[in-house]
């Protein structure tokens, strides 16, 4: 009846109840990334229409653990961190889009509803999960690793009470390159199904999108030897990408702003 | 590259990883419902385009607490109840659609990701929350109320660590009518926003839909005196519907099957 | 300064803030129990001082999943079910105490703090965990098994994001005996350590106790074929009791009242 | 039968399953502390036998939010952060013990089981709760406050789905003193009740203890204007200490090691 507002539902006259406040969204997070290779056929089998395998280095993947804080411009989430903080873990497969390298997010788990919905809007196939990451603190202490050679960081991801991923990285030195397997831009598939009878296989939204961001910043990056395990679980299939070889691990802090998204193509 | 399957993401060759398996979805749940009246202007202010106020009884609302078990036909969720059980609480406002009574779901909280996504697909504006409901057991015991006159049932809903709703019902007798305020069919707004710059106010999906279900069944319904409180919380606005009067409460078990949805009209 | 009250801390002038209200405690719960045999040496290795192996049938164990509602006499928890409901999973080993059969609770996980503390007071070695159990509903529905031949019930237990136990039971018929492996009374070790330097191996409380209860009631018991898996996890050792053979499974509702405990002997 | 090991239950031949591994325990955490005054009579009413009111400044209290990482010497928890990280919130009242200033922990909530049990062993009256605290990151970003003048930090604590405390601190400058109201050593009451009939009011352990720690370290401390609210909730009584005036707030990182505890006196 009235003019309802809200970038997402629930929509109200003020718009203040929406699960995801409107962009721009500002983010910062601590990252633990492990570059690895999966079986090339398995990696290819998960690519959507519109993407080609990364022929130069088939099976190139990365596992990313991130401990985020974010807010929506104009919002008060930073002072109410229950609406600002979340952790997530995701797995990207390297691919080609029109001949250019991209990363495709195959699986992702996150521990907050607003981040799950914000992910869906960007095409991230988010489910709920819990993520734990060893932290560093601003104090010389036996209870936390420093950002220094020899320091060990662990991370785990759990979904519906099953552990789905576990990683460990031992820092060796500052990294010149950073993670190679997460370097290309992320492409996702925005997908919103229909429930109308006869249209269950005919999604209302089904399009390949390329992420856009701005004001990106990154801390010093450290790298070192890494371990990664992906565990099977009921209703999950990420173990298709179980590592056949594990590369380097990386730790850093990263921040950026998102308020745009490019639709690359409508999918059939 | 391959033919990816899945009613929702993540989509894979087998389709087994999708957050929401394809319909039909079969449901059964225990319900505690409280009919109440909110301020009529507040109730009207939350109605979307396409609905008219329920002029015969302005402000007519109901609060619904439900403890569900569900599965997707062909799926194994019933034997893995972490993927089958969830609780939710929602508030409907009575309205008119083309002159006929309907209920519109203004706010809803649910405790599982698959149920949250399944809700969005049906237009329910779901956020995560926790719901608690007094249970009855198949045993004569001081530790649980029987379905009998004088038995008291409590229910609460919490979101982001804040209590958002609390209800109590004291059973008096079998109910001939059941809840009057939840009787009309539910209409929702399916909504999927765009993130592309310049289109944040131009959702890709924005349509009024009417629920369709089949194979509905209900247990004996009991009713009695009720109490209901709605509490304000940061980022929430359901307290706009704070009760100005509270009617009867109802307790029953309800089941149905969903595999269809009717689009009533595209919204502007 | 004043007279603080409370069966447990935090203690206050009114006593209303205590984590565990004073007994009597009234309980009712739905149970899924699987009788099984573990490696006899493993079972024996977990018995505390004061208990002898169950020589007639070495390795006799049971896994118990329970979905509880409880309250403290005079308390209002039944109307605030967040303080009344919890689920737990535990594993008992059969043993002899002074020549008489008993069951000893080796491992147990529970999902609420008050139940964890109440367990410690009774000598149950409780940790936090999540438990899921297929439910039955008071309605003929495809979304829930009836208490009837052929109905299948599943249950899982998870701790710190790792699945630690999974069971399935297919009901066949009413059971005359009920679970044999949980029939003897439970004995536990009440244990409260010292932190004072030099006394870390010298607990302040360390005593064998035998449970006492009253007003016990049980529903019709159904039994059938069962499956049980125990999974290893970091910081857990219950997989020592991994089944070497699995017996019958049982489903029923059980209630009782607890306000007493017998100390059998002080341990060294 | 065998020699069971474990600082806490569950005890096993290896001792690896115990909920709390044996000390020494090494800790580090980020802190947000608000000094405040409660009603002096309320503060006094919560003091246990053996403590006198802090006559020089009646009603002196502090609210402490802490985001911890800890491990047990020799343990692997730092690489499995699900067993290492936790957050807690507590309220101390200033008092006198034999004429010397101490702080007494009246109420405390924590989000992990091992930390809850470790607290009970030290006499902290821990319940489960969730704590959120604005974080700072090692990057210049709009998504996190720096440790700098004008930066704002928020914190909330929730128990059983109800918000129980909320604080905000705006940093102004480095603090010479740090929090005054948390400066004296902490004393607690170790308490372990009896369940034996007739002994519910006769705890087996009931003693005043004074904390001991070593290898304490602290970062630069910043202070500024503060806000604090304590909210009532069912089964909670900390709102007895609702602020009558709020002092300064402090933010810092603190670490220490615990492997000792002093028993001051047995209580009646």
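Before moving on, here are some points about what is shown:
In this document, chain identifiers A, B, C and D correspond to the written order of the chains, with residue numbering beginning at 1 in each.
Just so we're on the same page, contacts are C-beta pairs under 8 Å (C-beta built on N, C-alpha and C of every residue); 3 or more make two chains touch, one makes a residue touch a chain.
Because the structure is predicted, anything quoted here is derived from the model rather than measured.
The pairing of chain B with chain C is characterised as same-residue: of all residue numbers used at this interface, over half are used by both copies. Seen from the Cα centre of chain A, the chain whose own Cα centre is farthest off is C. Per the C-alpha superposition, chain A sits rotated 180 degrees relative to chain D, a value rounded to a multiple of 5. Computed centre separation for the pair chain B/chain C is 34 angstrom, with centres defined by C-alpha atoms. One simple way to say how far apart two chains are is to compare their mean CA positions; for chain B and chain D this gives 39 Å.
Annotation for chain D: residues 80, 82, 130, 132, 156, 158, 160-161 touch two or more other chains.
Considering their complex, residues 130, 132, 156, 158, 160-163, 233 of chain A touch chain C. Touching chain C in their complex are the following residues of chain B: 26-30, 69-71, 78-82, 84-85, 130, 132-135, 137-145, 152-156, 158, 168, 215, 217-219, 253-255, 257. Partner chain B is touched in their complex by these residues of chain A: 1-2, 4, 7-14, 16-17, 19-20, 22-23, 44-49, 51-53, 76, 80, 82-83, 106-108, 112-113, 116-117, 120-123, 125, 127-128, 160-161, 189, 191-197, 200, 204-205, 212, 234-238, 240, 258-263.
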